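The chains carry the letters A, B and C, assigned in the order they are written, with residues numbered from 1 in each.
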Amino acid sequence: MDKSYHVYRFTAISIVCALLIIAAFFAGCTTTTPQPTTVTAATTVPVQPTTTTVVSKPAPTTAMPLTTTSSSVTVTPVPTYAPSTSTLIVYTAASLKGVSTKLGTQFSAAYPGHSAVFNLDGTQALKTQVENGAYADVFISASNSYTNTLKSEGYFINDTVKPLTTNYLIVILPASNPGKIMTLADLAKPGVKIAMEDKTVPAGTATYAVLANLSKSTYNQDWNKSVFSNVVTYETSEPGVATKVSLGEVDAGFVYESTFTAAPKDSYLALNIPKADNYLQTYTIGVLKQTQNTGAAQEFESFMLSSVGQQTLKDYGFRAVS
Amino acid sequence: MTRWFLRPDNSRRTLAVIGAAFLIIVVTLYLALPVAALFFRITPDLFFSSLSDPEVQSALRLSLITSIISLGIVILVGTPFAYFHSRTAYPGKMIVDTLIDLPLVLPPAVAGVALLVLYGRVGFIGRYLNLFGITLAFTTVAVIMAQIFVSSPFYLRQAKSLFEQLDPAYEHTARTLGASPLRIFATITIPLTASGLVSGAVMTFGRALGEFGATIMFAGNLPGVTQTMPLAVYIGMEGNFIVGITISILLVLISFAIMIVVRFLASREVPLA
Amino acid sequence: MLEADIHKQLRDFSLNVNFQVKPGEILILMGENGSGKSTVLNSISGLLTPDTGSVSLAGTLLFNSKHAIDMPVEDRNIGYVLQNPAVFPHLTVRENIAYGLKARHKAKDLVDTRINHWLMVMEIEELAQVKASNLSGGQKQKVALARALAIEPGLLMLDEPFTALDTESRQSVQEAVRTSVSDLQIPCLVVTHRVADANNLGDRVYILHQGFNRWEGRPSDMPDGEMQLPA
């Protein structure tokens, strides 16, 4: 048997394998760094009656993401889109889950040739991804403080950052009301199971604020303590709370009004929170500096701020920016 | 170890050696560098000071306690089960055999959803338990249930294989010498399979400790009750990332310890035949 | 006295044997592979159950299909050395020999006495504290034999005990078997394919072929044609 021939083949195969592994490794790296393609001019903008055209800034010649000083480990998996000049990647707060599909369709209808794809997750998760080099064109945040952090870290084109919409909190209950909850006071009843978002999630911070307000104005500290001891899970996104409530696994959950309004009729019961104690969450939209599609990104933002976009948001339970 | 590198053909030999070394280096670096990066991301001071963070401590305590309990249950129930399963031919044995492997290929999140649908408050079984005031979802018990579900195959497959390979002559001889089946199990069967069983147990422990998908789905996330270390890493990386890195490092250290124990046990000779 | 009447349907043929072994007598079971020799031993020990038949030892019924008697293996008090001698590798020689006695909860003094006796008979005193996994083939065979005899069984059965032994060990093991069987005055059944062993050890030979008795008689009378029985 000619063993030396087999050794030769083995070597060739192993080198090919090693090269493939290295190629795959670098391919994985390059999808998070945009390819240095030349930015094409935006396609003809169809006439929009009430849109104020945003002054387009000249596109940067090299659109490398801002290198962060740290090389943190990304926790939530970064979607591996290859950025093109027409599909926008919009990082979106999870609470826009229901409305984003409609908005995407309307955007493509208004701007033929453009399309947007939404990456929905807790704003805190999306922020971490961007800080670790994830590519996105537009960022819709549910939290002013996260927006400000990203602005100060230099991820946004700062003068594109604008308030998009607002949302109040509401308490939802499963349709069968297993916990027999009639008022906010009942949330403190022993044995009641409550779901809320983790404090790192914008809806979670809002919930903490609402509870603090309520205990100061109407109920007392004991009520506050009892409510917190009734919490059985701190979810990592706002839709996660809604799911737990719709499954009937908890008796109540703190979510945005829009989630309740947009849900099919009779999915949930709801307890209103008095406006004075409620927390008005302001969502912001902004174009990221790293974008390869500045023109299209700004068109998307214009669309979202336009009467069409704003009406759709209103239809799904969001409130206008005051 | 083959002696192909002693072949007389020099140029091909060199090529082969270079190729092999290259391959080894690439694979090693791909696995080792991310883990090493964890350690360099945080200073030793920050690491040790965040060890006293209550979040870190409660996650560590909860993880260790639940994993140990899960392991205990898997061993206590799984060992006799694996023994009977391997020694007898019963109707439906092949189906059970396949089911043992199921949690290995099932995505953990799916396992979590399945547990929730069955044992949740409105679940098929859970609704009856609820009548008696028994709740499983969102409790520490749920954490243990999820851990057992995903980690038991590691022990069961190992135990089953060990018992199958154990020469029946030992047990037969012991019987003829007058030993009762229980005595045989304790004095012959277990000692002869012990080190293999322990390595299966250690792998089970490691899997239970690292369980995330099923836990977050079925048990939820509540510090001190259901927030195990993997969940704390996930939450930490979105808020307090020092905590996230610290717990990640702790998990890496525990994983290394587990691997060392398993390798040590596997290297010992087990006389099976 | 061992009285065995065993009928069992095997894969290719049916096993039908009927023989007796007197106390102190050694019966050699011979036959080609697959003729049912090990099945006979397993049936007598209780590890297998015959379809019909009867097995009795010193007047006690161990098995009887007509009267639905089937004594459990661990109660039959039969010393059985299997083809794989199966000395327990994690125990020392002493602990191996003691195993059956400990299983019967015998007093410590009695256990020690018996062990010492059999260590002496088998000439393996110096191995007493050695872990059984470290023994040679011949030494393992002796330990297995001592272990089986230590319980003072009513019957001794050996399945191919000499196959893995060199000439010297074979002779000493055969000597030990002869002495023990004679001292204890128990019947003894030995399965072997080696004609020389039959001649050296056996009082009678029982040749098995395809499940039935081809020939039975004294070793010296064994028909020539059968000398070439394949292993």
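FYI, a contact is a pair of C-beta atoms (placed from the backbone, for glycine too) under 8 Å apart; a residue touches a chain by one contact, two chains touch by 3 or more.
Computed from a predicted model, the values in this text were never measured in an experiment.
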| item | value |
| --- | --- |
| Third chains touching both chain C and chain B | none |
| Most centrally placed chain, judged by C-alpha centres | B |
| Most distant chain from chain B by Cα centroid | C |
| Between chain B and chain C, centroid-to-centroid distance (C-alpha), Å | 45 |
| Euclidean distance of C-alpha centroids - chain A vs chain C, Å | 78 |
| Centroid spacing, where centroids are CA-atom means, of chain A and chain B in whole angstrom | 34 |
| In the complex, chain B residues that touch chain C | 167, 169-170, 172-180, 183, 187-188, 191-192, 269, 271, 273 |
| Contacting residues of chain C [partner chain B, same complex] | 45, 47, 73-84, 86, 88-90, 99-100, 103-104, 133, 144, 147-148, 151 |
| Residue numbers on chain A that touch chain B, as the complex places them | 3-4, 7-8, 10-12, 14-15, 17-18, 21-22, 25, 70-73, 75, 122, 124-125, 127-128, 178, 193, 195, 198-200, 231-236, 244, 247-250 |
| Chain A-touching residues of chain B, taken from the complex the two chains share | 4, 7-9, 12-13, 15-16, 18-20, 22-23, 26-27, 30, 34, 37-38, 41, 116, 120-122, 137-138, 216, 220-223, 226, 233-235, 237-239, 241, 244-245, 248 |
